[in-house]
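Each of the next two complexes has chain A plus one other chain: chain B in the first, chain C in the second.
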Partner chain A sequence: MEIDTGMEQEINKAAIAFSLTSALWFALATSMGMVAAGYLIAPDFMANIGWLQFGRIRPIHVNLVLFGFVTPGLLAAAFYYVPKLGRTQLFSQKLGVYNAILWNITIAIGVVTLSAGYTQGREYAELIWPVDMLIVINFALVIVNLVMTVRSRKEPILYVSIWYALAAVVLTATTYCLGNVIWKPSSGALVGIQDAILLWFYGHNIFGLLLTPLSLGVAYYVIPKVTRNPLYSHSLSLVGFWGLLVVYTHIGTHHLLQVPVPTWLKVISIVDSVAMVIPVMVFLINIWYTVKGKVGEIHADVAGKFVFAGTIFYFFVNIQGSMMALPQVQRVTHFNNWVVGHAHLGVLAFAGMTALGGMYYVLPKISGKPLYSHFLADLQYWLVLIGSGGFTVVLTIVGLIQGNAWLNGETVYRVLPAIQIYYVLRVAIGFLILSGAYIGLYNIVRTIFFNPGAKA
Partner chain B sequence: MYFPYFIAYMTAGFIISILVFLWALKTGQFKDQQRARFLPLYGDVESEPARTSRLNRIGAYVLFGIVCSGLLASAVFVLFVLIKSSAMNG
Partner chain C sequence: MSQEMTPKAIIFGSLLILAAVTFVVVLWPYTHRHTAPSEIYRQRTALEESGRKIYLANGCVYCHSQSIRTIDWGHGAERIAQAGDYISDEPVALGSARTGVDLSQEGGEHPDDWHIAHFINPRYTRPNSIMPPFEWLGMENIKSLTAYIQSLGMKGADKRMQRQRHWKEQVATAYEAGPAHNIRWLAEHVPEGWRNIPNPYPTTPAGLARGHKIYQDFCLGCHSPIGDGMGPAQPWIYPPPLNFTILKGREISGGIIYYQIMNGITGSAMPYFKKELESEKIWDVGNYVAEYFINQSDANTEPKGIDASYEP
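Let's turn to the complex of A and B:
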């Protein structure tokens, strides 16, 4: 093995562009989330400003987090580790940079159209047809860049992170077309119950076939690097990869257990939701055994601890998810804030923290400059960790209050006074995440553009 | 009519998955797994391992605390649901 200084010679402009994209939209996404949370305390908060209505802000927040913050952050890491693991160069830095520019234009158009009231009204699929098409084009460009990079590799074996990165972008490009019913541009929807089935097939797969594989790819790369340990088992990681593809694709209908969906489909979704424990534990056993004896080192490295915390939250979000698919449990947990807590646990605490870890790991290498401030990155870690944990606890409590009350036949409005205080707490905790997002944006911008500690 | 799209998607997905799997078999992706474990470490070793401190260890304990409290809360919740549902059924 050769020794180097931890800095790469080539400046990876594509990865830099995607890192900046992620940091910028993370700040804006959490700002939108704060406005939305404000409405839950004071429903007439900004009531006269049409484009800031709750019904518009909420989908903007969700889409910004999914496609503005987490996905570009994870892709930034992928643009670094795919060529590194293949012992080659990225196919085209120029294509990657144009891709990032188009990505930002797409997200900006999405925000403007949603705030202007143009929506297809389906959860996670609100964006109108032209924006849908732009998203598909963006994913197609990522596919071209990564596949061509893999084709030119010198390392014959594809490390598991490459499998995950390629699967994520290829599967999402196709699932996105299907889930957004792009052959029906005017509505972006089918009619009747089959639309609900299709929507939740897509909706859950945005997490299962995009954020999860990209996050696992980052974890499988960053954890061995930070601990300086080889991966515990590469065979096991491939079992987890194929297991995830087989199992995860069938579970979307567990969102529809209370509606007249064919029973066989519900049974498949419940069985596979529980079976998700297999690929999840395969991943976690593999990663945690790789970390074994190096927990201190992981926590001494800001990127490592972001990613490691992400794996802890991955454990919880999946245990919770398997449990929530059980009909008896769902009688309490469905249609209330429990699910919102679950979503924050998955998207922010698991995939979001992993994306931040991935970016902090690659930033010094892709820019050729040291991280501007380890203190700020550390501060962001604690803000996001406490914020994510606090969010989950508060929203879970609210969900249990709501679910239990409704199960006992209580009307909605009589429950509202009981949960008001938790909504106030939610905003307070949200400020931690908001602060973390802006601190991260500052740190990343300073690292790339105004870095006094830059290497000549 | 919606199911032709579903069937087309499932068929394409199945065929592509099989083709990729066969390609992986043919190109030896499942061989030499021992070497594959080391792939992230090839080419570079970081300059200095990060130094651990008391604060880092506290960070690890905090995460461990989150794990324990989360597991405990999950167990209590499942118990709650089971008791509740058996009371309602009974």
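Let's turn to the complex of A and C:
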């Protein structure tokens, strides 16, 4: 870990701007999730308002959680730890702030265009070409800022968090262009089955080359800090890093195991989905051994708690994911709410909680003020934790009901009454996450503005 | 030991890995695709293409897959998806969830009027549906959307649509000739054997309660809660849903009712229920219709064959 030189960090406006971005869109994204979930129990609620109907709200929800909440939250932490670990200052605060402003404009345009029905109709690649371009520009700006910061570093050794942050933004900028077929602005798609192969290569890279490495970067930074233990093993982090990049990129086709794509592609994706256990366990062993004997410290620190919970969910989402890639299992789990449960476990419980932890860790440091309320942050932790766990349980049950019923010849229509109660439970549990999101927004806004606390 | 991890090593190393993997799992299959059209493939018409745009713009793809698997039972289960089915789809709309049903072979499953009523509000034809209503799209868009849906399954769909159109003409003519003729016409098209079969099971309160539930879950949007055919779907359906009360005294046996529910009446909006209702359920809902709306049931009358092992 870096040597603390006691060098004063300036007020980090870039990280502040990205934290606010994340907190704001977290609140709006969960609101959209509630609307989508509402339609599934009462399809005529807000009936016939075109721009608010399920098929448009759902991609808004998903794009907002990915690009509005989780990614900016994780980047906020990166904007702090990259200069800190390099014992330098962020290359340009101004660039960072403009970047965050452009980011918000991009997301807002994305929401408006999606709700107006402008979509490329490909899951995770819905945004139309101009918005795609804006996203790529945003990532390019982040790359410039982080790379220039790293170049001006005074600490020669790069800590593992920086590897992940750099790789994540560079690789995402690349796969984003590929996956969105930006050389074909009108459709943003290839033709036929090839399109599905490319789409899921890209779709999976959003989780594997963006959310996961950025989250691991945060965990590698926050956990040793909070526990005041040195990182257990630097060699393991090296294996985990390259292992993740090699294995994760191969497995997109596990989304297509039941459609006519070449068999050898399916085989690669299944084998490597199981092999994902290696980089994941390497990371977890490294982190959990670092925590060894210091669980108390973790629990005394809200940021530590969030990130540590994130690592535990990472374990579960990996074990679950590897199982779901086995054809025998996927006969039951594909096409139904089991996958939605997995998606929330991954994006919300793992990446989302890690992002929140990262933000709570850096907030006092980037703003120079203490957290407005530890109580509210703690409350948010429990709301999101119980909410994520609840989602996973409920959606997994629904998925098992649907999958087994279909496998035994029940029609989709006949199963609808059986699953309705779980859709109701999902909305009920959703209120916990929704309240957590708004509480977090309030807390973060109050920390940065109108903070009565003494200067730290 | 981490000295080797320079910014250059990280950035170019990871880009190199990405490039290699992209080559193997994306570029290679792309250049080695053999996209011979499948035996059902045909091109879409301009109208169908515009319907597909509406399909994509409104997120139908988040609830509907378009790809049949070997393990499926729903409609179209006979036609396993092939790569050659998708060769003009840009983007491909395979879908990753079945909140609704698979639509890859949907064309010709129902006549157009069923779809229009269903799009206006899915609860009109499917009381338990959780699909959102699409009335706000306007009739013109609903019609192009319907044209697209009816093309799903391509040549297979065309064959089914031909059948729908052929019988649509016939059911409409029969309907226009007046109720007496229509009912005779409908009954005559039920195969001989079925016509003489009474409902073999006695009327019981439990059986009627089951029939009532099935009626509510499957039939009431068209035939209405009182069986007069004036359910909310009625304005969009032609010939309109049958008014059961006119069946009284016209020798409608339990077997006719059973057969019509099981097999549906192709051409009319009356769907088949053989995939959704097991035998007992069809007898139960048939007897419910007979008892409550026709006010005349042949349940448990001769000929009965060998007695059922269980009799209440």
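As a working rule, the second predicted complex is superposed on the first by the 445 of 456 C-alpha atoms of A that agree within 3 Å, B and C clash if a C-alpha of one lies under 4 Å from a C-alpha of the other, contacts with A are read in each partner's own complex, and residues count from 1 in each chain.
Following the convention adopted for this analysis, a residue touches a chain if its C-beta (ideal position, glycine included) is under 8 Å from a C-beta of that chain, and two chains touch if they have at least 3 such contacts.
Quantities reported herein were computed from a predicted structural model and do not represent experimental measurements.
Peer 1: Return first, second, both or neither, reflecting whether A:Thr174 touches chain B, chain C, both chains, or no partner chain.
Peer 2: both
Peer 1: Using the touch definition from the top, say if A:Phe91 reaches chain B (first), chain C (second), both or neither.
Peer 2: neither
Peer 1: After the superposition on A, what does A:Pro156 contact: first (chain B), second (chain C), both or neither?
Peer 2: both
Peer 1: Tell me which partner A:Leu198 touches in the superposition: chain B (first), chain C (second), both or neither.
Peer 2: Touch status of A:Leu198: both partners.
Peer 1: Thinking of the overlay built on chain A, is A:Arg58 touched by chain B (first), by chain C (second), by both, or by neither?
Peer 2: second
Peer 1: First (chain B), second (chain C), both or neither: which does A:Trp103 touch?
Peer 2: Neither chain B nor chain C is touched by A:Trp103.
Peer 1: Kindly classify A:Arg331 by the partners it touches after superposition: chain B alone (first), chain C alone (second), both, or neither?
Peer 2: both
Peer 1: Touch check for A:Leu238: first (chain B), second (chain C), both, or neither?
Peer 2: Both chain B and chain C are touched by A:Leu238.
Peer 1: For the overlaid complexes, name the partner, chain B or chain C, with more touching residues on chain A.
Peer 2: Here the partner covering more residues of chain A is C.
Peer 1: With both complexes overlaid on chain A, does A:Thr253 touch chain B (first), chain C (second), both or neither?
Peer 2: The answer is second: A:Thr253 touches chain C but not chain B.
Peer 1: For chain A, what residues appear in both contact lists, the one with chain B and the one with chain C?
Peer 2: 156-160, 174, 178, 190, 194, 198, 234-235, 238, 242, 245, 249, 331, 407
Peer 1: List the residues on chain B that touch chain A in their complex, please.
Peer 2: 2-3, 5-6, 9, 12-13, 17, 21, 24, 27-30, 32-47, 49-53, 56-57, 59-60, 62-63, 66-67, 70, 73-74, 77-78, 81-82, 84-85
Peer 1: Would you pull the chain C residues touching chain A in the complex into a rising list?
Peer 2: Where chain C meets chain A, its residues are 1-3, 5-7, 10-11, 13-15, 17-18, 21-22, 24-26, 29-30, 33, 35, 56-63, 65, 67, 69, 71-74, 81-83, 86-94, 96-101, 121-123, 126, 128-133, 135-137, 217, 275-276.
Peer 1: Which of the residues in chain A come into contact with chain B in the complex?
Peer 2: For this pair, the touching residues of chain A are 1-6, 81, 84-85, 87, 155-161, 174, 178, 183, 190, 194, 198, 220-221, 224-226, 228, 230-235, 238, 242, 245, 249, 295-301, 304-305, 308-309, 312, 315-316, 319-320, 323, 328-329, 331-332, 385, 389, 396, 400, 404, 407.
Peer 1: For a test of understanding, state which residues of chain A touch chain C in their complex under the given definition.
Peer 2: Per the touch definition, chain A meets chain C at residues 39-41, 43-44, 47-50, 53-56, 58-59, 117-123, 147, 150-151, 156-160, 162-163, 166-167, 170-171, 174-175, 178, 187-199, 201, 209, 234-235, 238, 242, 245-246, 249-250, 252-253, 255-256, 258-262, 265, 268-269, 331, 335-336, 339-340, 402, 406-407, 409-414, 416-417, 420.
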